[in-house]
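Below are two complexes that have subunit A in common, paired first with subunit B and then with subunit C.
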Partner chain A sequence: MPRQREGSPFTGLATVALKEAADHMTSARIHLVLLLIFLTAVGAVYAAIGEVTATIGEDQFLFLRLFTTARDPLPSFVAFLGFLLPLVAIALGFDAINGEHNRRTLSRVLAQPIYRDALLAGKFVGGLIVIALCLLTLWLLVTGMGILLTGLPPSGEEVLRGLAFLLASFVYAGVWLAVALVCSTLFRAPATSALAALTLWLILTLFWSMLAPLVAGALAPIDPLDPMTQVHQLELQKAFARISPNVLYGEMTLGLLNPATRSLGLVFTAQLQNALLGAPLPVSQSLMLIWPQLAGMIAALLVLFTIAYVSFQRQEIRA
Partner chain B sequence: MISAPSLVARIFPKTLLIVPFVAAGLMAATPPPALAQEAAKAEAAKGLWLTTAYPEFAAQAGDTVKVDLSLANAGLPPQRVELKVDGLPEGWTWEIDGGGRAVTAAMAATDKTVDLSLNVTPPKDVKTGSFPFEVTGNADGTQLKLPLTLTMRESEPAKLSLKADLPALRGTPKSSFDFQVTAKNDGQEDSTVNLLAKAPAGFQVTFKEGYGTQELTSLPIEAGKSKNLKVSVQPPDGVEAGQYPVAIAATGGDATAELQLALDITGQPKLALSGPGGRLSGQATAGEKRSFTFTLQNSGTAPARDIGFSASPPSGWEVKFDPEKIPEIAPGQTSDVSVAMTPSDKAIAGDYVVAVRANGDGASDNASFRVTVETSTVWGVTGLGVIAAAVMVLGFGISRYGRR
Partner chain C sequence: MSGVIETRGLVKRYGGFTAVDHVDLDVGKGEVFGLLGPNGSGKTTTILLLLGLTEPTEGSVRVNGLDPLRQPLAVKRRVGYLPDQVGFYDNMTARENLSYTARLMGLSGGEAAARIAAALERVRLADVANKRVGAFSRGMRQRLGLAEVIMKQAEIAILDEPTGGLDPQSTQELLEMIGELAGEGMTIVLSSHLLAMVQSVCDRVALFNKGRIGLTGSVADLTSDVLGGTHVVEVEADGVDLAAALAGTDGVTGVTATRTGGWRVDTAADLRPEIARRVVGAGGQLRTMSIRRTTLDEVYVRFFEEEARHAEAA
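So, the complex of A and B:
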């Protein structure tokens, strides 16, 4: 029996979001996580610049190489982000709701003229603000280091691709923030919530690529007499692997930062006949290539938020 | 080291060795012939003679005539002979040479012959005909006379000839026309021959020696000999089809020889295919037809006929030409052909190369056209639909569970 609400449900959203962001920015936990990610990022990019100046003399997309080049023993900047961004997001969100519960501040906040919608959305937006600040700083830092150490300005196309990469990273971190938010509404104990989110993170980033072939093999066995079954299994494996945001993020960075990427799916040799391999795609085409991944992540973010919303709305908050 | 013969020579000086043999030889061989000689000499006439081998001879106008004389003394004591020439017409000059110098008297020793030569120079404007004169020798009361007759003839002119093995050649403007020409000096004197050519404007003519590579402007030819020449003619680019005469001449002294060579240049069509606006790249969307206007130019010298088109696109693509055939393009003219390309539905984004080929009668050209394939935006709309569905789920959640 839905009742008519009075006033906008978003009253106080900005207040909650800014307060949340300010709390995060001053908390020791976030400081530590950000320090970790900044140090690794700077290390990775510094190593990448050394590698780039040593091995690549001339490249149309030198700046994009800074993001993707790895030098042993450090992985590339992109790989670092793909691994550590979920950690930042989980650290920001795992105790968003249950933390208030346990501190017994939730009823006090909601005694203000603020809807629950605004509180949840504010918590989410506050986390997103911190992530956006962190990513923008990192991106500027990398670009600045690139200009300083290589002595070259990035081209317009590189800047465009870099910004698209920034957006993709933001959405990726947002998905993990939503996951942490869901955990924080579902579980009362912050430790359980954090462990649940971290478990999901470990499974999806580390073990998913191992699980995908097993699942695909079990669901679509290969008939040696029918080569199409092999194609079918590979497609199923790809589809299953793409449940993991980590895989989607990897594909997006590949499409954006390596302009020669033409397809993220299966490619038959007939499709490559007369193709000029290695020729870069225009930015618009690269964006078109990664758009399904990006759209899927945005949709996943919205669905996860909806789950958190529904779960939060139905909770008993008086404690 | 010292060799054996030189050792012998040192031990026995030459004189010691040779003299006895010579003496012996003389003693053994001479007496009977000596006797016979003396007998013959006694029989032979004694006296003093002035002779020559050819007392009547001919010469060409302008030449200096040289006559060999000999003064023979047989059995007389040495005789001094004063020499001179009588009977030459006015204007003629003469000189008697002996031992390399001009002489006026000669001394004939006993049983010796003195060789002399007489040089007679007729005047420049000498007429033809016979000129008798005599050489006289005055020797101490004895008069020696040698009558000679010089016949002046019309001088023979220098003569050159040029002959080509194959005086007419046929070829395209691109071919090289090499004529093998023989230059012959038919005159009586060696000559240096200058080579000249007269060709239509733009044609380059070079002379080369038989099988040599150096270019020539002149060459020496000995009297009666011939030399082989290679005359290369290079027509200018884009020369029209037709007959072109090339005259070559050889001049040496007063003689000139000319030779007409002919070039029969046949025209050649040449096709040049270029993409829209001169570019060789374009954009197309996967699964959608896109037309590009190619330009076909005939930059040759003959009409290009029966031009068909073909393309080698990636599999699954469709390429159509409009018109499919061009019957004729005149030289210097262009013709447009519309090429409609439909990339495969399954084509992935990126650059592809499509070779487009125009194939005419005797001429063809191909162009590698680079097509940037873009994928259809339909899937992008699908992505938006997914997001919209998620927003609707959220909206439903808010409307269903939204609280006061």
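So, the complex of A and C:
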């Protein structure tokens, strides 16, 4: 008897993905979250333009400043995005699988000639489509506002960096969508699943940066007589902090949107000798700088999706 | 018999609990086959095993000669499934719901639209085709589920508790539709805990109890095998011992006193004249006598009572 299953696991994937995307686009829940994110984005960028115009003409990367400049009391556009993108992703995914269970549609859909793979992957892709559309709209909106209010077009390099930033944001949101998908397969009740995902979101975006120094201090105490222990503790702190996708995303946006960034780790004074401080890096070098962060996030996304996949494949589908 | 569905030694265990215990089924082409038994007796699990939606612990399943575990897409293309308390996407209309499943089946747009319209017409939902399913009653959802099976043009339809939770009129309507489908040559497997209600549409039935099949056969065969008779005559009479009076009568398979002056007589045919003659002949006064066909419920209760008694004795 052949051990292999017959037929492609991708049969029906596009159908499921498009249906999910269409569902999200028309659901009130997503409308609310998107409204929130658009309003904050417009607010942050509008405030940033006020700051940026003061130094217009001196700055080579005016359009990138639109994303990163903060004016009290508003945080910058990227800070908003780092905080709110997970919320969008969780809203898209927290009831992906358990919702089908509770509506009693799961067995009916799976009785059609498709594999379970197609349903799970289709839901993931459907969410990603919505995220991609939302990010692209935001980016165009911000760039458009920039052109209108400053009267300057973005340079080629700024567009390139902007696109790389879009990709980074997309992967970041994808990680959180995968988190939501895992929760939706592990917990049967949508409320539990949403709370679990939101708890994780709060811990990783708000409390993780506070936890990192504590953990590093406990694991690698500083010996006042040995300066290397201090370096060791800082490295450990960085490594621990980087478990949070929020930290990785922050580093990526820093590397991409601030071309003067030369390193995301520790830099010693000796290493800065003869360096032209503040001189921008070319795009390729900035990409090299954030490559480990991006690769790490893609890996996290794949691992999370695999967990969701295994747990869904093993699930009994009877209600 | 050309078996469309065949299972051999099918076992499904959840942890220590055995939901399906060595089930052998043979369903022939064009048959209406009933899986009957109380809730929790393994009917739904058996159905999921037939569809390949859950893996058997032991045993094998063949649907149209295909293995639902290894060739699930081929099996699911030929089999329509109406789950217990079928669910639809409430925010979509009836037509949109069917059109989504049609796309999952891989139907092209034009063909799907034609099939959906025909199927909705058949289950009399054409006038609400563009209403959201959220507003549908239980019976309408059930009919929409049947429309999906019709649209699929399935060779085999597996219906899990199709009449569950429906009022008598909707039940009758649904059973009529199922009967029509069977008349067109569709093989139908349906499960129910309402034995008497479905006995009219089933060619053959399997009676489930605690994951096992106790009995398989046509309704008439089962009633005569287990109860010895196909009819029940209720007799009320005074001044006679009916059991003694009927002793040795041809076709009488059992006499049980139900109360003072009342008996239940199991017979193989309509023996009312003979019984009346015996009562009068023994000097009794016949008060009432009524006859009805034996129901599957009686067969079920009698069979599994006896089995339980044997098990206790052993």
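The criterion applied here is as follows: the second predicted complex is superposed on the first by the 314 of 319 C-alpha atoms of A that agree within 3 Å, B and C clash if a C-alpha of one lies under 4 Å from a C-alpha of the other, contacts with A are read in each partner's own complex, and residues count from 1 in each chain.
Everything below uses one rule, namely that a residue touches a chain if its C-beta (ideal position, glycine included) is under 8 Å from a C-beta of that chain, and two chains touch if they have at least 3 such contacts.
Keep in mind the model is a prediction, meaning the values are calculated, not measured.
Applying the stated clash criterion after superposition on subunit A shows that subunit B and subunit C can sit side by side. Of the two partner chains, subunit C is the only one touched by A:R318; subunit B is not. In the superposition on chain A, A:L276 makes contact with subunit B only, while subunit C stays out of contact range. Among subunit B and subunit C, the chain that touches a larger number of residues in subunit A is B.
Of the two partner chains placed by the overlay, only subunit C lies in contact with A:R104; subunit B stays clear of it. When both complexes are overlaid on chain A, the residue A:T11 reaches subunit C alone and has no touch with subunit B. Residue contacts after overlaying the shared chain place A:R29 against neither subunit B nor subunit C.
In the superposition on chain A, A:V267 makes contact with subunit B only, while subunit C stays out of contact range. Of the two partner chains, subunit B and subunit C are each touched by A:Y115.
Our summary of the superposed model lists a minimum C-alpha distance of 5 Å between subunit B and subunit C.
In the superposition on chain A, the residues of subunit A contacting both subunit B and subunit C are 2-3, 5-6, 115. The residues of subunit A lying in touch with subunit B in their complex are 2-3, 5-6, 9, 115-117, 262-263, 267-268, 270-271, 273-276, 279, 281-282, 284-285, 288-289, 291-292, 294-296, 298-303, 305-306, 309-310, 313-314. Interface of subunit C with subunit A (complex): residues 14, 44-45, 48, 51, 53-54, 67, 70-74, 76-77, 79-91, 100-101, 103-106, 145, 148. Touching subunit A in their complex are the following residues of subunit B: 312-316, 344, 346-354, 370, 372, 374-375, 377, 379-380, 382-384, 386-387, 389-391, 393-394, 397-404.
On subunit A, the positions that touch subunit C within their shared complex are 1-7, 11-12, 15-16, 19, 23, 26-27, 103-105, 107-115, 316-319.
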